[in-house]
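The letters A, B, C and D name the chains in turn, as written, and every chain counts its residues from 1.
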C-alpha cells in the first residue's frame, strides 16, 4: 500500500490546504443555513429510525422513511438496488461532476437501551439498538444531500448529488454489493461520515478484513464404544485453530486473526460429526490480506487432511481497507473547522457527566466535543468498514462528529443512549453541515476533484481492478 | 477390579448353577402366571408411559402412574425420596430378606417416533421419545414386584419386596442419590433389567464414568483493536483439550476421554470471555478413574494458569462401573432360560422385517429374539449406568430382554417404534417373569443370598466405603 | 488376524500335544548330550561376543566367529547375504525337510557393564553392551544347529538344518531383508529363542511396528527481524505431533504411537528451517497397522500443508507381528519341559540376590528360573521383533530361557551383567537343547511339519503375499 | 517508553543540533590526525584479532592485545573485572567528566571465512569467524580512546577517558555484568559503535530481550509396554509451546517470542523423561517485556501442571532495549558528517562488486558507503544488544560505520570476508574518528553532557533502579 512518510504527508497536507484555499469556495453559509432550517425535521427522522432499530437487511421502515424524505425533496429514487431490498440510490441534478453522500441505517442486536438514560435500561430486553448511531448517520447524510440539492437547484449549476442508501454495514456489507454492481462507476467523489465521541477529518485508513464460516465434517460414533470408528469434526477444527495460532508468528505483525467456535459437538458421548467456527482476518492492505487468507485456507485444508475430516468455508464478509485521500481530507477538515463542534446545554452537560461515571478507563476530556481535532495523515484505525470498498473505486473522504459523550465507545449501551438524545442530534447536524460544505466545494471546484482523482490513481495503481471475496449474493439472512 | 479368567469363570458358573439347583426353588409357575394374568393392564401402563415420554426428573405422570399401580396392589409408597420429586420406594412385606427390584421411566429428548412405524415419523417433531425403552422398564419391574408380593401374601412368608422408582437414569443419575441417601442400606439383593435386542443374563460389568461441565473465564476485548488486553477463555479451553489429548497416551488403554465444546465465543471480533465444554471420562474401574479424573482436573488448572484465565467445573454425572456377581447371574440366567424368549406373530414378523431394512451394518439374525444367549462372565460393556452405584452397596444382577427387533440399537427412533409396539410388550413380559422368578428364588433360599453377599464383599473389598463425585443435590434442572 | 478364543485354543493345544506324542520322537538324549559336550567351547564363544559387543550391522567379529564355528563343524557358509556384510546362512544336509534355527549377535549402545557385577560399573563408559543377551542368542542357536547336524550325519537321514545369522535385530531388521531376499523360501519351519528371566514356550504374538524419520523443511529467517518471511519447520513438526495426539482417540485402543524430536532448530533467534523426529506406531496386526500408518502419513501431509512447510519420511523399521503357531509351540513346550530349567550354584545364588537388591518393583520369585512356565496361547506381548517377518513366510516358534536373574528386564545393565556370567551360560544351554530337540522332532516327523503348515496357512490366509514398508536397502549406517 | 512523535522529534533534533553548534568544539582535526597517524598499527591489531577469532568469554588473546595496546599508550588497565577473565577497564586522566568508549572483540561460531574472498571459503572449516566485525569494533574504540588520551595529555585538561573491554556481546552479555558491578557508576556518557554496511548515527532503540533454557522433566517408561506409567517431558514442552503460540494473540504486536527444541527425547520407544528448549522473547520496552516474561513463566508452569511433569528454567541472556539520547545522537551525527564516509580503491570496488553478486534480494546501492545517512529519531531496530543495559545507567550514543559492502548483513560469511579486508579497516577508521570527535566534544562542553543527562533522566524516569533477570554469574561456559 502506498503510505507517505509522516514528514512528506505533513508537507503535502499543507500544500493541498493552501491550494484548496485558493479556489472558489462553495456557499458555506447557505448550505449550513438550509440544514439548520430543517433541524427539527431531521431530529424527528433520526429519532424514528432510532426507535425502528432494524437489523441489517431488515431496515425496511428506516429505508422507506429516508427514501420518502429524499423523494419529497425532489430526488429520484431507485430502490432495491444490487439485489438488496433495503438499498437505494437517490439522485438529483444532471451531468458532471457527480458527488455521492453515503447513508447507513442498520442497528445492532441485543443493545436496546432507553435514550438519554445514564444507566443500563433496555427499552425491550434483547432487542436491537442503534449502538453505532446509524440512525444519525443516514439522516445527516440525507440532510446534507438535500442542502446540496437546494443549492444546485437555486444556482442552476450543472452537477449531480446522490444519496447512497447502504444497508447492513454491520457485517452484511451492503456497499460491497453496490460497488460490485457498478453503482459508483460515474461518481467523482464520495463523502461519508461516522458518529464518534470527537470531531475529526483525517486522511486515515482502516483494516481490510475477510471473515468466513468454516465447517468441518467427520463421522459420528459412540465415543465410548467405538471411538476408533469416528472421525471428530472438532479435531479438525481444533487442529485448524492450532495451525492458525502457529501462523501468527509468520505473518506481518499488523495482521489480526480471530475466531470463535459456534458448534463444537452435541453430547460428550458422541464423536462430533460437525464443528463450525467463525474466523476473521485483518491487515492494513487487502492485497496482503488476500495472501494471508490463502494461507488460512491451507491451514484448514491441512487440518482436514490430517484428521480425516472434510472442510468447507463460506466467506461472510470482505471489506477493503479505506484508501485515504489527502486532498479530500484537507478540504473536509477545513470545512469541519468552519462548522465547529458540539456545545452542550446544562442538561446535556449533566447527562454527559452521569454517562461518564459509567465508563471504565481513561477517556478524552469532557468538553473536547466542542473542539475539532487536528488532521491526522497516514494513520490506520483498527476498525473495518465497507466504505473501504467504495474508496477503491472512487476518491472517498470520511468525517467524524461528536454524537457520543467523550469517552463513549461505539457498540455500547451508552452509545445507544446518546444516539437517541439531543446530544446525538447536535453531532448529527455538525456532520451534515461538514459534508454539505465539502460536497459544495467539490461541485464548485473541478480542480479539487482532478487533484483528488490523481492522488487516488497514484495510490491504488493504474492497473487496479476491483475484486472481492464477498459471496455472490448479499447475505440477506445473516441477522435472522 | 477382580476379574476371573474365562476358564475359571466357566467352572465357577457351572458350580454355582449346580449348587443353586440344589436349593428349594421358588414357585416359578405361580409367579409367571400372575404376570400373564395382568399382561393387558401392564401393556396399557407401558403404553401410557410411552405416550407421556417425560424427560429425566420431569417424569411426574409416569412416576405417579407407577406409584398408583403399586399402591393399588398393596405396596406402601414413599414418594419424593432423596430430594427428587419423581423418585419413590414402594415396599411390601416385613423383615428379612429384602429384595429390591429397580424401575426406570425417563425418556430421551428429540426422539419422538410413531409406534409400530418402520419409517422415521415423529409423533411430535422434536419431542422426547422412549428410545431406551424405559416405559417398559418401569412397568416390567412393577409387574415383577406385584407378582412377588402376591406370592409372599399367599404364602405368608416373611420377607420384603421393594420397588425402587429411580428417575433420570439417562444422565441425571437418580440411583446415585438414592444410594447416597442410604435407601439401600437394608437390602440384600437388587434386581434390574434393560430393554435390548436379545435375551441375556451375564456376570458383566460396565464402564465407570464421570462427566462435568468445565467453564473457562477470561477477559473480553476487541479482537482487532486491543487483543493484547484480552485473555481468551477459548484459549484456556483449547489448551485444556490439547493436554487431554496428550494425556491419552499416558492412561490405561481402556480409558475413554471425550468432550464437546458448547460455548466457544460470541462473535469473532470479540476475545471470548467465556468458553464451556462437556467432558467425560470412563474406565472399567471407578477407583482407577478417580485417579485419572484428578489428572484431568490438573490439565484444566494448568490450562487456566498457562493462558491467564480461570476455570471452574461442575460434575454432572458420576456412575460406578457395575460390580458383577456370578452367583446372582447364574440364578438369573437359569430363570431366564426357564421363561424363554420372544415369539413374533406374523404381523410382528413383518414389522420386524421392515424395521431391519432401515438398519445399517451387521446385526444379529432375525429370530434370535426367541433364544436365550449363553451366560458371559467377566466381560465389560462400553455403556455406563447408575445401576453401577447400586451394585457397590448391594449384590446386584441385571437381565436383558428382547424388546427391540434384533439389530435395533438403543437411542434410535427404531427403538422408540419397538418400545411402543406389541414386540416391546412381549419382551417386557419376559423380563418381568425372569425377575420375578429370581426374586422368588432369593426370598426362598437364604443361602443363595449369603453366597452372593460373600462374593460381593470379596470383590469390592472388606473396607470399601461408597463415595461419589456426584453433585451435592440431584441436577433436577438438567433437562430444562 | 485369526485369534482363537482361549477355550478353543486350550482344546487345540491339548489335541496337538497328544497327537505329537504319538509320533516317533527325535533322539533327545543324544542331542542334549552333544550340547553338554561342547559347553565349554560355547561358553567361550558367548563370552567373546559379549566382549566384542558390536552394534547392529557392525558385528564383524561376532559374525565371523560364529561363521568359523559353523564352518568348522561342517556347515557350508554363505556370507554377506541380502546386501548385509554381517548376515550369513550356514547350511548342512540335503533335501527336505529344511529346518531353520535363527541366530542374532548385535549389542546395544551405551550399556557397557562388567560381567557378574551387581552394581552399575561400565567396562568402558558409553560403550555398547549385550543388554539383550544376543551373545548368548547367536551361540545357543549355533550349538543347537551343530547338535542337529551331528545327529543328521550320524543317522544318514535326509533333511537340512540351517543357521540364519541375522544381524541388527535391535532396530536394523536384518531378518526383514533376508525374508525379502527369499532366503526362507524353501524352509519348512523356523526356530528361534530369546534370553529372558524365565523359561517358557508360548503360542504368542508380538506387536507389529513401523518406525520412520519424519523431516519437515521450512524457510529460515531472523526470528525478530522478519518472522513473517520464515516458515518454521518446527511448526510443521509440532502440528504433526498435535494431530497424532488427536489421532489416539480414533484408533483401536491396542495401538501405540510414540515419537521423539531429534532436531528442533539451531538457535532461538532463527526460524528453524529443518525439524526432525522419530515416529513409531504399533498394533497387534500389521494389516491394521498399515491402515493406521496411512493416516499418520496424512497427518504429516496435513501438517506440512497447513504450516507452509514440506515433509518427507524415511521408514527405518517395519516388523510384522509374530504369527503364532500352536502346533509348533506345543512341540517346543514339551521339549522345554524335557530339558528343564536353570539351577544356580551357591555363588550364582548369592550374585542373584545381590542383583535383585538393585531392582525396583514387583518381580517373579527367585527360584522361578528352575521352573518351566505353563504354555500360554493367544497372548500378545508388547515387544516387537523382526522374527515377526519370518513367521509370516514360514511356520515359526520361539522359546525363552532364563539367562537373566528373575526380575531382570532386557535392555538394562543388570541384563548385561547376567549375559556375561555363568548364569547366562546356563540359560543359553537350556535354550540350545530345547531348540535342538524341536529341530530333531521336526526333521523326524514330517506330519508335524504338515500340521504346522496347515495351521500357518489357515492363520495368515491363503492369498497372503509378504510385503513390507522397510527401506529398499538395509540401513547399514543406522548405528553410526 | 518515552517516544516522541516523528514531527516533534524532527524539531527537537534541529534545536539540539543548533544548540550544540553554539558550543566550543573539540579539536576535531587533531583527533582525526592522531588516528590517521596510527592507522597501520590499528589495521594490524584488527587483523590479528580477526585471525584469533575467539568466541565469547574465550577472547584471551584478543583481550590481552587490546589491553597491551592501551597500556602502552598510557592507560591504567584493570583486568578480569566483574568476574569475567577477559573483561577489562582501561583508564586515563583524572576527574570529571568521565567519558566511556566501549569495545567488543568476540567472534561467532562456525563462520570462518577467508578475508577478501568473494566466495564461501572457510579458513578452517567449522571454526569461528568475525561475522559481526568485532575485531574492528574493539580496535576502533581503542584508537578513539588513545586519540582522546593524547589530546587530554597535550592540552592538560582535566577529564577522564575510559575504554571498556566488554566480552561476549554475542549472547554472553559481558556489559550486563559490568553494569551490575557498578563499573559505570561515575561515567557521564558512553560511546559505542557497530560495524555496518552504511554510515549512520541515530537516536534509535533496539528490542529488549530475555532468553532462557526451559527444561521439563517427566518419568521414562517403555512407550509400548507401559505408556500409562510414563509422564512425557516432551508433552510438557509441547504444551508449553502450544500456550506460547496462543499467547501471541494477547501480547502487544511488537512482541517477539521464538524458540527451538534442543532435547526432545532419546528413542521413540521410550517416553522422554527430559525435554529442553531455548526460548526468547523481545519487546521495545524491557519493562513491558518483564510482564510478558512473567506470563511465559506461567505458561511453562501451566504446561507442567497439566501434563504431570516439572519444569525449571535458567535465564541465559537479558538485554535492555537501548535508551536513545537525542542530544548525544545529534552531536555524534554532526561529527560523523565531519568525518565522512568510505571511499573504495578500484580493487576494493571490484571486490565489492563480486561480493554483491553473492547477495540475494534488494540492497542499498553500491556507492552508499561513501555517504552519511540522515539522522533518524524514534526508530526501533529489531536487533538486541547488551549496550542496552549500559544506556539505562549512563547516557549512551552509538554510531555505525560502513565496514561491510552495502547489502552485506552481519552474521554472514560475507561480513567475515569484509571484516578481514581493507574495506573493513576503512570503515573502522571512520568509526574511530567519529567517536573520538564526540568524546572530545563531550569532554570540552560540559553543557552538552548536562543536556544529555537531563534528557536521560526524563526518558528513564527519576526513580529508575537498574534490575536484570541475567544469571547471578556470567555464563563463562556458554560457548563451550
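By our rule, contacts are C-beta pairs under 8 Å (C-beta built on N, C-alpha and C of every residue); 3 or more make two chains touch, one makes a residue touch a chain.
Computed from a predicted structure; not experimentally measured.
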Q. Within the chain touch network, how many edges lie on the shortest path between chain B and chain C?
A. 1
Q.
Centre to centre, using CA atoms, which chain is the farthest one from chain C?
A. A
Q: Measure off the straight-line distance from the CA centroid of chain A to the CA centroid of chain C, and report it in whole Å.
A: 71
Q | Mean-CA-position distance for chain B and chain A (Å) | A | 57
Q) When the centre of a chain is set as the mean of its C-alpha atoms, what distance in Å lies between chain A and chain D? A) 47
Q.
Multi-chain contacts only, two chains or more: what residues does chain A have there?
A. 227, 238, 242, 246, 249, 253, 258, 271
Q. Line, ring, star, complete or other: which describes how these chains touch one another?
A. complete
Q | chain A-facing residues of chain B, complex | A | 207, 209, 211, 222-227, 234, 238, 241-242, 256, 258-262, 264-272, 275, 277-280, 282, 382-384
Q: Give every residue of chain D touching chain A within the complex, in rising order.
A: 5-7, 10, 242, 245-246, 248-249, 253-254, 257-258
Q: Would you tell me which residues of chain A are touching chain C in their complex?
A: 227-228, 230-232, 235, 238-240, 242-243, 246-247, 249-253, 271, 295, 298-308
